[in-house]
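Beneath this line is the structure, given in structure tokens, with notes to follow.
Read from first to last, the chains carry the letters A, B, C, D, E and F; within each, the first residue is number 1.
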Amino acid sequence: SVGQYDFIANSFSFGFAVMAAATLFFWLSRSQVAPAYRLAITITGLVTAIAAYHYFQIMTSWEAAFSVTNGTIETTGYGYNQAYRYVDWLLTVPLLLVELILVMRLSRSETISQSVKLGGAAALMIILGYPGEVSEGGAVRFLFWVLSMIPFVYIVYTLVTGLKASIAKQPENVRGLINGASTLVIVSWLFYPIVFLFPLIGLTGGAAVTAVEVGYTIADITAKAVFGVVILTIAMRKSEAEAAGET
Amino acid sequence: SVGQYDFIANSFSFGFAVMAAATLFFWLSRSQVAPAYRLAITITGLVTAIAAYHYFQIMTSWEAAFSVTNGTIETTGYGYNQAYRYVDWLLTVPLLLVELILVMRLSRSETISQSVKLGGAAALMIILGYPGEVSEGGAVRFLFWVLSMIPFVYIVYTLVTGLKASIAKQPENVRGLINGASTLVIVSWLFYPIVFLFPLIGLTGGAAVTAVEVGYTIADITAKAVFGVVILTIAMRKSEAEAAGET
Amino acid sequence: SVGQYDFIANSFSFGFAVMAAATLFFWLSRSQVAPAYRLAITITGLVTAIAAYHYFQIMTSWEAAFSVTNGTIETTGYGYNQAYRYVDWLLTVPLLLVELILVMRLSRSETISQSVKLGGAAALMIILGYPGEVSEGGAVRFLFWVLSMIPFVYIVYTLVTGLKASIAKQPENVRGLINGASTLVIVSWLFYPIVFLFPLIGLTGGAAVTAVEVGYTIADITAKAVFGVVILTIAMRKSEAEAAGET
Amino acid sequence: SVGQYDFIANSFSFGFAVMAAATLFFWLSRSQVAPAYRLAITITGLVTAIAAYHYFQIMTSWEAAFSVTNGTIETTGYGYNQAYRYVDWLLTVPLLLVELILVMRLSRSETISQSVKLGGAAALMIILGYPGEVSEGGAVRFLFWVLSMIPFVYIVYTLVTGLKASIAKQPENVRGLINGASTLVIVSWLFYPIVFLFPLIGLTGGAAVTAVEVGYTIADITAKAVFGVVILTIAMRKSEAEAAGET
Amino acid sequence: SVGQYDFIANSFSFGFAVMAAATLFFWLSRSQVAPAYRLAITITGLVTAIAAYHYFQIMTSWEAAFSVTNGTIETTGYGYNQAYRYVDWLLTVPLLLVELILVMRLSRSETISQSVKLGGAAALMIILGYPGEVSEGGAVRFLFWVLSMIPFVYIVYTLVTGLKASIAKQPENVRGLINGASTLVIVSWLFYPIVFLFPLIGLTGGAAVTAVEVGYTIADITAKAVFGVVILTIAMRKSEAEAAGET
Amino acid sequence: SVGQYDFIANSFSFGFAVMAAATLFFWLSRSQVAPAYRLAITITGLVTAIAAYHYFQIMTSWEAAFSVTNGTIETTGYGYNQAYRYVDWLLTVPLLLVELILVMRLSRSETISQSVKLGGAAALMIILGYPGEVSEGGAVRFLFWVLSMIPFVYIVYTLVTGLKASIAKQPENVRGLINGASTLVIVSWLFYPIVFLFPLIGLTGGAAVTAVEVGYTIADITAKAVFGVVILTIAMRKSEAEAAGET
């Protein structure tokens, strides 16, 4: 209905505003962390900049797909680009993992090997979800959900165990934040495969589209902008601890 | 009528100009506060930047909804996006609270916990007002007004008591300003639930729309730009006091 | 006629160019005053930046209101937004007063109280003129002229007496400029209520519109850009005097 | 003809490119003069920035006034804004004079009084030329030419005598350049009243328009960009002389 | 089909996002390498900036070539600019080689001679591929493939032998990365002549176009953005090694 | 044919990309030369910035002149602006000569006199070529070729003899580069009068247009971007030599 169309359009505009504002915020805050963490914050801002560009594209695709006049809604014949989010995730999800790895300040070789392994698994996860997203049938959708869950579980497991193992080596003033970041990733990332299943558990029509689109938007905001604020806070606190340690 | 249409259109343009100018002003003034307060002023400028983007969207939605030729006004069939302000508030109102908390320079953990609690309550307040704003019936509108007033009262009460409690710890040259900021929040924020009720107390048609749109615009300008100037003044004075204390 | 239409269109383009150039000039000159005066020059540039945006809007509204082909002029049916200048003045006139107050370097509390009083009176003056500007009848126009003159006289009187009282405390090398600034405000501001009365003293049709639009444009340029250059010169000279006094 | 139309269109594009490039050049060169001369170079860049904006407007007005297809040219009914150059000159010609006065480094009061006198005379000169430019009849055109020549002669006379008087006080390494600047002003400025007379001495139709438009463009480029390079060279040399004198 | 059209359109948008983000990333990271390596990172960012511009052009050309409504796809009559990638490669492939040569820090004369030789061979390779790309017949396509492979082999051979020879002279902490860069160039560059052959080994219609376009896009991302990250890492590590060696 | 149209369109886009990238590169590299050479590099970047603007204009003029649908090409009736390159050359060719003169670091007066003489001759050369370019007849085209060759020969002769004479005074590490720059100017500049003659030696139709347009584009890239890289290298090496000499 028109109400659902407006709600989704406003969600996309909200997502664009959050991502654009977060980009400005992260890049204006780069100077408040130690040089060792600036690469991580640069990437944090890049993630939200890429997402802002993609939300703008999603927003215009949505507005082109429907025509709303005098309280009724009709399709225009131009299909809404429903899988465009995967284009966003394919680039931003690996970068999110690199962001987290960088702020842990592991060794150089460990940083690179973890980035390659987790980034590759993340890209594989997104790629394996794409055919299911664009398919018509439920069985194909579910098959690719299962396949995509494999790298998903690998990533989450690696993250949680890796973060727990490294927390002891971190300054005391960030241990709570790193636990929180770990929880935030698990919770926000779980949103995605759940939302992916909505069309398979009976949600149909306008309600399904609303639930999927607004659900993914909330999850993106949490996984990118909120997570970025946590990463920035960790970097600022570690910068303080290291400055204190140096003096 | 055309006069009311013009008045509202000019209000939106005025709101856009104020928010855009305030953004430039706050970001050009960042260097005049101590580093400890720059995060707060960055957020002050982000709030008005987001608001400028949203006022631009509101302005173009308003202009697309009506056609005015030869002194008469008609609807175009494209509905005016009446609830778009909630998209703005959902992001900016929590940020306004973080702005105020940051400039008080509480402890790190206190800052984070207050930001999460008040920010969450503010988001809940906006979300609970949205269904009432888009509803047709007065009963539904009133129900969500009541629900939204709950977090509203919690926020105002927490702010006032928290600010009063912390004023004694603040430098002497900002105590009056902090009282003023507290009053400004109470007064400007009360505008919103009052304006929300206008359609329920007999205001109808063009007069109601004018009162609501211009009322919300005045309140936004007060709550964002004027409040931001007060926050900036507090930050500048605290910077001076701390610089004096250090020497 | 077409000649009058072109003359007004060129006036608006000239106004836009002056305001945009003045903005660049003031912001490029910020570094040539002492830090104590940079806030005033920032606001000087903000005033002309806001005015540039508003002149652009005025210019496009004017060009959309008339169609000129083969030497004849016709209205398009889209009304020219005749009161849009008030949107500009409502923001810029209070800022002009703050600009002047800041460069006098009064005490902090005096600065704030004077800004609030004069800024409030200026906003009231603009608001009280708006109904008269959009009215059709001469009596209503005159009534709001009289009402608007009240805060007008209050502002001018306060400015003149306040400036005269503070001149003795100013460095010797700016006293003449401050007298000049005072005179400039009186002369340029008197333009506005006089131009407002043109339709009441027999000017009609194209001649009246030309006189009003070009008259207001000349007054805006004088009151914003020329006045800003005087303010900048005062700030530069006071910066020199204070630098000399410090050594 | 089409050839003349193309030639004029290319002249305008060339003028725009020269002014835009000169703006970038002058502002990128600001740091290569002593601080005392930066205000003059700022204004030099402002003059060419304003001129770039105006040449863009002139260029689009020209392209909208004619339609060229399959080798023939027709008017579109939208008149070419023939007097728009006066809008440019009204702002840039006074600024050119201020530019020259600033780089001479006269006393503060002398600088201001000369700027006001010469700037006012320049504005008067442009204003007195405008009615003649937009008139249909030759007698009116000539009358305003005569009137405009009065401030023209006053400016040129004042410049030449003033520059000659001040040359002795200037460093030896700029005397030649100041003579050159003086000559450049006289030669380039004489172009304008001569070009203004072309329609009165028998040039008609396409040839007259071509001569006027290309003539004014060449004169503008000489009087703004070339003159600006000379001013910049004077400022750089004076900066060197003063740096040497200080050591 | 529409699915293939969407997939290709999304690939182009993904390529644009990667290149634009990589540009920002490389230029924001310039300050984290020693001055000796900044020229290389500047060029790294230029390569991705050029590629972003070209991907934007490719994306709009693709979207203009087809019309998709109500689930069916038709050509619009505007041909898709299939060889536009060669325009990109002709500039970026020589720059990629210069990028790698610069970060090896050979002698000045060696740097220039290698850049000219390899850059010339790369340009020749692209130029020799262009006629085959735009041809209709397979024999012509294959002929130019063979011709283009000649400079291709020369480049790869020179790179591999040159890199192996210089690895011993490099700091120990980059030898693995330089081996990786060498491998990355070989693997990613081999993609191009293979993809070029797809239409000659039986791939036809939509499948062939999809394989070619997505294949080239993946290869471009690998050869430009991923390779750039490796180059940046080499530069950062060499900067560290040299800083340590100097102290 | 369509293939020739595409080839030319891609050449223009390539030229635009090269000029825009070169502009960024030169201005990002300004800080890597000594202050004495920054003016030359500023002008190097201005030359390619102006050329980028002009290539954009050429590209859009070309695309507006032809309509290509379903594999056939037709003129639209809007003539391609064939002489627009002269607008570019009239400004950039004198600047190229100033660029070369500045990097030689002759005396101040020698710099100015050479710039005026060679710049004036270059402008004359371009102006004398313009009537031939826009003419229909071969005899007129040849006549202006001969006239334009006069300043052409003067410039080349002056450059070669002047550069040879000054090479002995230059640091040893740039002598080879200055010889190379001299050769590059001769070779790339000879392209232009040769390409100008193509229509007089039997090339006609699409082949002639392709040869002229692509030929001029290659020559522009060589004479502006490649030459600029050589100038930048000379400036960097001279900066190093002077820094070594000072220590």
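Assorted remarks:
Please note the rule applied: contacts are C-beta pairs under 8 Å (C-beta built on N, C-alpha and C of every residue); 3 or more make two chains touch, one makes a residue touch a chain.
Given the structure is predicted, the values throughout are model-derived calculations rather than measurements.
Seen as a C-alpha superposition, chain B sits on chain C after a turn of 60°, to the nearest 5. Relative to chain C, the chain whose mean Cα position lies farthest away is E.
Centre-to-centre separation of chain E and chain F, using mean CA positions: 28 Å.
Separating the centre of chain C from that of chain E, both taken as means of CA atoms, is a distance of 56 Å.
Note on chain placement: the centre of chain B and the centre of chain E lie 48 Å apart, centres being C-alpha means.
Among the residues of chain C, none is in touch with two or more other chains.
The ring of chains, read from chain B with the first step to chain C, runs B, C, D, F, E, A. The touching residues of chain F, when paired with chain E in their complex, are 2-3, 6, 9-10, 13-14, 17-18, 20-21, 24-25, 28-29, 32, 68-71, 173, 233, 237. Every residue of chain A that touches chain E in the complex is listed here, in rising order: 35, 38-39, 42-43, 46, 49-50, 53-54, 57, 77-79, 81, 83-84, 86-88, 90-91, 108, 112, 134.
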